[in-house]
Amino acid sequence: MLFGLPTIWLLVTVVFVMVHLAPGDPLTFITGEGDISSEQLARLRAEYGLDRPLATQYVLYLKKIAVGDFGFSYRYRAPVLELIADRIPATLLLMGPSLALFIGLGMLLGIVAARRPNSGIDLFMSGLALVGWSVPVFWLGQLLIIAFALKLGWFPTQGMFNLRAPAQGFGRALDVAWHLVLPATALGMRFLALSTRMTRSSMLQVLRLDYMTTARAKGLPERVVLARHGLPNALLPVITIVGMNVGTMLSGSVLVEVVFAWPGMGRLLYDGVLARDYPLIIGIILIVSVAVVLVNLITDVVYAIVDPRIRYD
Amino acid sequence: MSAVPTLLSVRDLGVEFPREGGGRIRTVEGVDLDVNAGEIVCLVGESGCGKSVTVRSLFGLLPPPGRQGDGSITFDGTELTTLDGPALRALCGKSVGYVFQDPMTYLNPLLTAGAQVAEAAVGHTKFARDPALTARVTDLFRELGIGDPQRVLHSYPHQLSGGMRQRVMIAMAVARRPRLLILDEPTTALDVTVQAQIIDLIRSIRRHTGSGMIFVTHDFGLVAELADHVCVMYAGQMVEYGRVERIFADPQHPYTRGLIECVIPLGGEAALRTIGGEVPDLGDPPSGCRFHPRCPRATERCRIEMPPPEPRAEGFVRCWHPGALGGSPATAVSDPALQRAAPRADQEQAGVSVSAVRKTFPVRGGAFGGHARVQAVNDVSLDIARGEIFALVGESGSGKSTLGRLVVGLNEPDAGRITIGGHEPARRLATPGGRPLAQMVFQDPYSSLNPRKRIRHALAQPLLNHRICAATETEARSSHLLELMGLTPPADFLDRFPHELSGGQRQRVVLARALAAEPQVLVADEPVSSLDMSTRAQILGLLQALRREMGLAVLLITHDLAIVSKVADRVGVMYLGRLFEIGPVASVIAEPLHPYTRMLVSAVPLTDPGAARARIPILMVGEPPSPVNLPTGCYFHPRCPHAMAVCATTEPRWREVAPGHQVACHLYP
Amino acid sequence: MRARTGLRLTQSHAATMGLTVVVVVALAGIVGPWLTGSPSAMGSRTFCPPGLECLFGTDDLGRDMLARVANGARVSLLVGVAAAAVSAVLGVVIGSLAGFTGGKIDEFFMRVAEAFQIVPQFFLAILVVALFGASLTKIVLVIAILSWPSTARIIRAEFLKLRDQDFVAAARLAGASRRALIFSEILPNALPPVIVNASLQIAAAILTEASLSFLGLGDPDKVSWGQLLYLAQPFLNQGWWMAVFPGVAILVTTLGFNLLGDGLNDILDPRHGAHER
């Protein structure tokens, strides 16, 4: 479990190195291009040890991260951590249901496709999955907006809620859900594609394995053979793949949030980039990286628990 | 006609597969056999003859795209070809038990052994809450000789030894007391002593249950041990079926006759025999009777039409010219090419001296945190004289392959010394530009040649790197070497890729490559285990000739004592990294001294049905120990039927009991 | 049993289709810009919908979308192929060394690779471009540096598998030097999966570049497809064609490379008969 720490440390160091290699006064990476008085600048320079040797700055940097100080955004006048904490719920709301729904759906489609390889159904599903994997997620978002929001008017074009809708309770939930449909679908396409492809290929491999023949020889009906012997073995690698792709899915959410003006962490990052709010950019990236490493660790642990070959060795 | 009702009757069974360019091809055709209750039918043939495909197609277990063609299968009165998928499968589950070859891949790695056997018995895996079911499975384990049923019940396949896993598979197959048991090469993946245990188990099952059995194998020795009836297959066709005594005494089909003559018995003076030609590819078989290209009796009719089954003494034969007359396709192995090779008078051939050699390997990963070490070779000493074939015999985990690699120089010993003519092979190999003292022939002909390089490259590489000849001469040299190995015309082979050659041809290329570097010693690690029986003798003949003509010292590593008895001069027996017996082949095999050697000799299937039934096997007890945690004293004592108190505490010392014949055992103080 | 001889590209429908698409797109990128006119010439006909007059339509400044899409092909393909190439070279060198040598070197490189792989690549790319500025070269380098681990892993896995094969030991006994072992004996056998991966990486690189450009982090001088989509975002209502055509171009190109990669994978799978597409 502690293997995650070196990775996190490496990441944090890489960010530090990059910030210091970048052209320009490092102070701008701490303040952004906001409006600050010269006394504040001097104070900050001392606080971050910018006149001290690099090693000392590095240690100060690490110390700050250890206590959760990821920087201060002068544009928003708030600590970065606080800003992120504010926006995370929206991103989770977007990613969570989308992830669960579309990965589950993908698994089903993958199983169906694997049952009759090279049939019409299989080719259709595999083709769909391939397109879903190849389409740029933000463009898909744009298409959905054009088709379903602008032309057909079924869904709103932007945002998470309507200012004129109720601010609490069931009405609010409904309003948010209505706004959620298009962005979640755009994001979900990629999950769906990945999950379908992985499940299909894994199932195909497993179906050919020898112990499937043994199960059939026992007289078990094909349904049972698939469900009891095929699926668990096939889904095992899918867990790892999904875990490994959390990073890509987060990237997708950034793009979707930008297209749909969804007030999540990704949108915050984008705003930060536009405004050259460096502490915000750096802070978000650090936090996201750490989070992804943790998710990967959890996936590894889950896999080790589920596979007895690793559990009992 | 026998009064016992026929359990399974197969007539003219065929199996089809889609052909590469379109259409279908009958890979298996014309299979006829009968199985009676309480009797064993051995389905025998070389690898790739379609035996596995045949037995799987009987009860609908063929993976698509294979499909059963015409023919009739009558089981217990029911015509199976009239049943649909689900009905056939239900019948299979209820009345038939299948045991497959490799229990590691045929068991679900995610379920415990108990769960899988329970599933075979009642259709679901939940035995934990059901004491009656748990008891039923535990009793079954005990019946099958599993000493610690509770532990096995809750173990996962990867935690069990090979023999144990196979017992679990057998338990699954017999759980519902099936009328018919089908065993597809159940012992091929197991060590020889474990195979003996499983064969003994199968015999006892036959005695106690009265099930009929089909036992698929490529080993004629097993046929003699087990069969009541024999069905011989070649290239997807059945060629002969009959009672075992008759098949051995009076084989009607030329292939059966030839094959029996090719079998290498333990001991005996008969010359090595081989059937010329190669086993055809089932994807593109010859027309008519598929054996006709290799058959001395073949006529035009044989090429055009597959013969129908002709009844012969309670059996069938499919041949246009059956009978004893007409000759056998098997010929004695001759090595004319090598006799022309000039003896190497200029170079002093050296022998091998191995002295107190030890080698350990770290264990990768696992629960030991990477600090445990496996003692692969432990204090081994032996000498091989020039012009001698020394056989090193042992089962998996004995360290024989490791020792082979040490002699060749691929690894360096941790302690002790290996010298060839006064030089150390590992050191020589590590010196840039140094010519290796020894060369190696590997077991698997498919992985010992680089699949992306032509044969030309494989032979030129040693010639150029070791500066044996100039670049302009490599073609001539390589051709000469190929000719020596019987691959003529060499120009045909030089530009081919390995996958275009058969297993036997590849192995000859590998030999040629080994000789190209002009070694003083040749290490052959299981050189014929992967080859068809009808072609093994060719390679063995070449080894013998090499030893004779070139004065090479040969270290032959194998588990097959029959080959040893035929080809080797001296033999050493290894177990868990130690040598326990060493001596002239005739002496060791005729009078094995060490209990382990006795078990090994006893485990070699005899090729005479009468003698096989009469013999009482000496079986090994217990489970193989973990190589990381070796027993104290004599390594073999936990599994030895003659173990005494002293065996657990003291290592035995070497004693010479007969001339040149030494043993390390407390039975000979 | 004798194995089948050789590998033919035509054995997989997916591979043939993918290759066709890729070739067409490449041709469009090379030849297209000469045929379609200037991508930056502004005109008076703004927001002309696609039809006989303006084939792909025109944008808010009257520029011809067809020309812009054709020119964008050059940029996007260049980035995709260059990034995948650099990544492949890096990955092969590092992966071969790690896989062949083993031990501490292997562990070190794999930890580094793991770190790079786990980290959300897109975020790091954003960081780099935000800090160092956007130029085509920098973008190519960033993508390459972030994607070499997957190639390295594949090569390393192949090396681990092949290193213990008998033919390698035989080559040692035949006097092959260490260099010859790695590059002449093992590497040719290890390359096929890398080639498959390269195709998939080109697709991924094109998508990443498009995403970066969409966020405004692309090279402002070079008009790539992603850039076009970025410029289209405010005008989704007035000119839907500004977003549709560049997006279709991206989709078709990535689809082509993905198909090619999948098809090659199918060919290389020893049991490819079962799931041939």
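Odds and ends about this structure:
Per-chain residue numbering starts at 1, and chain names A, B and C are given in the order in which the chains are listed.
Here is the rule we go by: contacts are C-beta pairs under 8 Å (C-beta built on N, C-alpha and C of every residue); 3 or more make two chains touch, one makes a residue touch a chain.
Please read all numbers here as calculations on a predicted model, not as lab measurements.
Each chain's centre was taken as the mean of its CA atoms, and the one lying most distant from chain B is A.
Among the pairs A-B and A-C, the greater number of C-beta contacts is found at A-C.
Distance from the chain B centre to the chain C centre is 48 Å, each centre being the mean of its Cα atoms. Chain geometry summary: the mean Cα position of chain A and that of chain B are 53 Å apart. Inter-chain spacing, taken between the CA centroids of chain A and chain C, is 22 Å. In chain A, the residues that touch at least two other chains are 208. Those residues of chain C lying in contact with chain A across their complex are 111-112, 114-115, 117-124, 126-128, 130-133, 203, 207, 210-211, 214-217, 226, 229, 232-233, 236-237, 240, 243-244, 246-247, 250-251, 254-255, 258-259, 262, 271, 274-277. Remark: chain C residues 1-5, 165-167, 169-177, 185, 188-189, 273 touch chain B in the complex. Chain B meets chain C in the complex at residues 20, 48, 65, 281-283, 405, 408-410, 429, 432-433, 435-436, 439-440, 442-444, 447-453, 458, 461-462, 465-466, 497, 499-502, 510, 513-514, 516-517. Residues 6-7, 10-11, 15, 18-19, 21-23, 29, 117-118, 123, 126, 130-131, 133-139, 142-143, 145-146, 150, 201, 204, 208, 244, 246-248, 250-251, 254-255, 258-259, 269-270, 273-274, 276, 278, 281-282, 284-285, 288-289, 292-293, 296 of chain A are the ones touching chain C in the complex.
Those residues of chain B whose C-beta lies close enough to touch chain A in the complex are 56, 59, 61, 63, 85-86, 89-94, 96-98, 100, 102, 105-111, 119-120, 123, 125, 156, 158-159, 169, 172, 365-367.
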